[in-house]
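Take a look at the structure below.
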Amino acid sequence: MTKHLRIELIIERMAHKRACRVLEAAGMTGYTVLPAMAGYGNSKRWSRDTDLSASGDMVVIISVGDEAKVRATMEQIGDLLGAHIGIVTTTEVDVLRPGRF
Amino acid sequence: MTKHLRIELIIERMAHKRACRVLEAAGMTGYTVLPAMAGYGNSKRWSRDTDLSASGDMVVIISVGDEAKVRATMEQIGDLLGAHIGIVTTTEVDVLRPGRF
Amino acid sequence: MTKHLRIELIIERMAHKRACRVLEAAGMTGYTVLPAMAGYGNSKRWSRDTDLSASGDMVVIISVGDEAKVRATMEQIGDLLGAHIGIVTTTEVDVLRPGRF
Amino acid sequence: MDVAISTLLSPIILFFALGMGAALLRSQMSVPEAFAKGMALYLMMAIGLKGGVEMSKNPLTMDVILVLGAGIVLSFLIPAIAFACLRATTKLDRVDAAATAAHYGSISIVTFVAATEAVRLSGLDSGGHLVAVAALMETPAIITALVLAARGGGKREKPVAGSERGELVREVFLNASIVVLVGALIVGWIAGEKGTASVQPFFVDLFQGVLCLFLLDMGLSAGRGLRQGWRQLSPMTVGFGLYMPLIAAAIAAGFAYAIGMPAGDAALLITLSASASYIAVPAAMRLALPEAKPSIYLTLSLGVTFPFNVTIGIPIYIFLALLITGQS
Amino acid sequence: MDVAISTLLSPIILFFALGMGAALLRSQMSVPEAFAKGMALYLMMAIGLKGGVEMSKNPLTMDVILVLGAGIVLSFLIPAIAFACLRATTKLDRVDAAATAAHYGSISIVTFVAATEAVRLSGLDSGGHLVAVAALMETPAIITALVLAARGGGKREKPVAGSERGELVREVFLNASIVVLVGALIVGWIAGEKGTASVQPFFVDLFQGVLCLFLLDMGLSAGRGLRQGWRQLSPMTVGFGLYMPLIAAAIAAGFAYAIGMPAGDAALLITLSASASYIAVPAAMRLALPEAKPSIYLTLSLGVTFPFNVTIGIPIYIFLALLITGQS
Amino acid sequence: MDVAISTLLSPIILFFALGMGAALLRSQMSVPEAFAKGMALYLMMAIGLKGGVEMSKNPLTMDVILVLGAGIVLSFLIPAIAFACLRATTKLDRVDAAATAAHYGSISIVTFVAATEAVRLSGLDSGGHLVAVAALMETPAIITALVLAARGGGKREKPVAGSERGELVREVFLNASIVVLVGALIVGWIAGEKGTASVQPFFVDLFQGVLCLFLLDMGLSAGRGLRQGWRQLSPMTVGFGLYMPLIAAAIAAGFAYAIGMPAGDAALLITLSASASYIAVPAAMRLALPEAKPSIYLTLSLGVTFPFNVTIGIPIYIFLALLITGQS
């Protein structure tokens, strides 16, 4: 049975379209973007209602796929995170209807 | 020790109340719904600020429970996803105060 | 290789700054807060657009860190959840650039 | 002709064009969803109030009731015709055709507002009860569409998991636009001109300006929908989005003639019939016919028919109304 | 009597009823949270500005300071009485009773606005400094409630994890409504009638209309709260939500009589005392008394007391004010 | 002097101070993001419309084209000077210095509006084409900054993963403020005074009031940015935020003198040059120069330069304009 992984990418809102293009190009069949409202890292805090330019906002991108595709995708996400702020994790998950990914 | 699982269901916003009813009926003790702001699948993109009817919006529903309950719930979610667009994953998690679920 | 865990804390919006302070004090290097829009638990439902005071709203806080730090943090979160409504899970995850946490 | 030009050059249409242009040029600008929804609410309250105040000035006559009835019949009837056209001329399957047909039986409140303005500029009068007609025409079309979709054996054996009795009724008949339109109409009726004087600066004076901002957003939505969805539309489907309003308009004109409506009211009834929904019905279809494809019905209604109606359509509908009342 | 009826049939109350009705019929309509919060901000700025401009017209007298003092004392005092009533007549535990009491000591700014309007319609005058009284009465009640909750040995040994010194003070005394009310009052005071003339179309002319839209949303909130929460309220608790405003009104009337306030001002002080908070205090309670149940205090304050006050209460309070000033 | 004082005591500035004070006192109040963005959109539409209507009254002269050209040149030029100053007096690295410089070459539309008001109060006239100048000055600065950042060998060998040809152009040249400013300007130009009469109550009468609410939010943003970010700013960097506007103003005054602009127009061109962006450019920098630190450029532009400009700066710039036109 194929293993499935979920990618969770926390990245700058301004850069999220770049991340989406990376995911699409790497062959992930789908993803969903969630807005974040606040955060902390490197001893700096941000909050959505605080900054009119929204230039510090982050989003969380969730993408589920089979192991091979996810591994391939992760390499390219590494490139993106060289330039942009963000962190990414992968988790093993069970899926319904595995054929779909 | 009982194992616990977290369900993460990505589903159409319009159908999320149906999903919630399924979770409640299946005996899950709680869930939390997060709004998504954009997504991609089947080579179509959607974005929250783009469509006044919001008919393409998705949400993410998180629900944590013990293994037996989650397994039972997943079957019924399968029914729902026969009619509606959505994907669902389960992940093994550790919880604080396991008795509560 | 160090194992990494992701904390996912579902907690009252009003109390989220307390949770953030606990995470910072326990040495987590970062976290991200997501707004929730609805939920259910103890046979009560809430929904964001329903309550002007927003006093029933919940948020989801995601924080990724190495095992030792997360274990230490979980104890202190237990204290917080004694007073406030919330549930917390930890999941094993793989991270890119593990040195960063 | 004059009306057509002054309509096309009004700030409302110009801002719609601006939004559409920005979307087609792939500008990243957007109106926050919460703000757009708030404006939509405002517009419906304002329309309802105005209609109610108008209605409070005259007693409810048989004529008014006839028009209300005509609106309901039209909303039931038009989807059946639209469905037949779609099945005959396009490759849409039964469910997609039924869902699309529902949109054309229902109405677009912004098109209605634009027509009200154009009617006024043409020197015609229109009655407040047309707002009630608009509210009544929102939903019957959905019922016709469900019947059409079910007839093909496509009827589900058991309801979708988690669905609830009354859910669709609540979603469809108690959706925000109906509740607010009808509610505000009643408020306006009860409070009357004197009672609503204190809210006039908000609901009357600002109306045109808010409409500009709202239409900027609709232009963005329509343009983006078109850019992303046009590939899914065959030329025959696009054609449907252009000729269907005219068919619906012709039928409505027949009704208006039969009842003997005054020209202004007739123009509005015709416009309502010719307009297609892009807020309430798409949402209802996700619940009622989840298998139907939003990229077809939404692109068609918002990206093709709405721009057609607010630019070319409305002058035609006013002309039609003048024709049947013998004024042209 | 006349005032009562024209209050009940004003668009504001009609829209509140519309929202409540829609919620009870389980309509899915909603006002986006961001939009509702924006309107709340607008209303508070407008109220503050108006009060400040009024105050800039007269020097600050001893009378004014006495009224400010009375407001603070009332806000400290009323929760103690409310707490005693709740403990005597309901089964609420100490913490729930204290949290609920805090709501009744604090105030509802929308009730205040509705009363201002009714006072004006009754042909009475009221001073701008009542806005300052409203701001001052928002928070003392919270302190009383914390003391009451703590006395029962329920005092936490150590503070909640992650809580911070000054956190509650910032949340409670620097919450949006106080900052904006007091801030706008000062702005209005400094800028005066002439300085604020340019913002008059926004803050004065639109006020009634925005209030309609806001009350539609409050009706939805109140109706939904009631529908979901009424099972948690015993008849005795519901009763408290109806008689407590009257008790508070009677006490405030005593104060107003003692100070010798003019009828219009007295009516507003009485209304403030009788009104209960449903925005600031519920939020503060999640931090200060997290064990208390929102489904009790919020349902009671927003679902029972608020509708009671804006419909039946206000005419009674005006009548009371006329009584103690010997005008009725 | 008089202008300076009446500017400082106008509700707009008082509300900005209120927001800033609340943020520094760590009040939790906030304006919902969606509402603030909606207001920003409104303000830009209103400004654009007004400019367009003004322009429709006069034919496009050579003088106007000269001013447009001057604006573009200034926006290209100022960042180079800002960059040199930053590199000479602070320890910012090349990328941070370039990103910061871009902000000072671009403009702040709220500062522009405040200046328009102050110019009017001073009894001067200004032309509608200055709005077009504002739109044109938004982006050239970004190009200069990219060139400056790249020259130091810091040029990336390959583009950032996932970036797309045209992405920056779309984001930068088709950002909301440019599209709406220019679009509304064209709408106003086409529709003219008569065509826009119906939207006047919304876009003209409410403008000052909405600006108050918006500036309350800007005060909150500026105050919070300052509170969180000031530690990252060395005294020399803060100094730059105060003297750079004056340098830019001096250069612009030179241009205005050379072209022979009337005093009102000159004051506005000088203000545009002296103002720094805090919405469009920070967002563009996250895409174009992701390595640069927002906490530096945003704190400086919004927390230091914006407050300086709207309080002390604008009177100075008007004075400058009077000086070069020989009126002072």
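As written, the chains take the letters A, B, C, D, E and F, and residue 1 is the first residue of each chain.
As a working rule, a contact is a pair of C-beta atoms (placed from the backbone, for glycine too) under 8 Å apart; a residue touches a chain by one contact, two chains touch by 3 or more.
Remember, predicted model here, so these are calculated numbers, not experimental data.
S.K.: Keeping to the contact definition above, tell me which chains border both subunit A and subunit D.
M.R.: Shared contacts of subunit A and subunit D: B, F.
S.K.: Taking each chain's centre as the mean of its C-alpha atoms, which one ends up farthest from the centre of subunit D?
M.R.: C
S.K.: Which chain's centre, taken as the mean of its Cα atoms, is farthest from the centre of subunit B?
M.R.: Using the mean of the C-alpha atoms as each chain's centre, the farthest one from subunit B is F.
S.K.: Does the subunit B and subunit C pair touch with the same residues on each side or with different residues, judged by whether over half of the numbers are shared?
M.R.: different
S.K.: State, to the nearest whole Å, the distance from the C-alpha centre of subunit C to the C-alpha centre of subunit D.
M.R.: 45
S.K.: On a C-alpha centroid basis, what's the spacing between subunit B and subunit D, in Å?
M.R.: Each chain's C-alpha centroid was found; their separation is 34 Å.
S.K.: How many Å are there between the centre of subunit A and the centre of subunit C, using C-alpha atoms for each centre?
M.R.: Distance between chain centres: 18 Å.
S.K.: Give the residues of subunit D that touch two or more other chains, as numbers and ranges in rising order.
M.R.: 30-35, 37-38, 201, 205-206
S.K.: Would you give the residues of subunit A that are in contact with at least 2 other chains, written as numbers and ranges?
M.R.: If we look for residues of subunit A contacting two or more partner chains, we find 20, 34-35, 77, 91.
S.K.: Where do chains touch, given as pairs?
M.R.: Listed in label order, the chain pairs in contact are A-B, A-C, A-F, B-C, B-D, C-E, D-E, D-F, E-F.
S.K.: Over in the complex, which subunit B residues touch subunit D? Could you list them?
M.R.: By the definition above, subunit B touches subunit D via 12, 14-15, 17-22, 25, 44-45, 48-56, 76-77, 79-80, 82-85.
S.K.: So in the complex, which bits of subunit E are touching subunit D?
M.R.: For this pair, the touching residues of subunit E are 9-11, 14-15, 18, 21-22, 25-35, 38, 201, 205-206, 208-210, 212-213, 216.
S.K.: Quick check on the complex: what are the subunit B residues that touch subunit A?
M.R.: Against subunit A, subunit B makes touches at 8, 10, 34-42, 58, 60, 74, 77-78, 81, 87-91.
S.K.: Contact residues on subunit C for subunit A in the complex?
M.R.: Contact set of subunit C toward subunit A: 4, 6, 16, 20, 23-24, 29-35, 59, 62, 64, 91-97, 100.
S.K.: Within their complex, state which residues of subunit E touch subunit F.
M.R.: So the residues of subunit E touching subunit F come out as 32-35, 37-38, 41-42, 45, 49, 166, 170-171, 174-176, 179-180, 183-184, 186-187, 190-191, 195-196, 198-203, 205-206.
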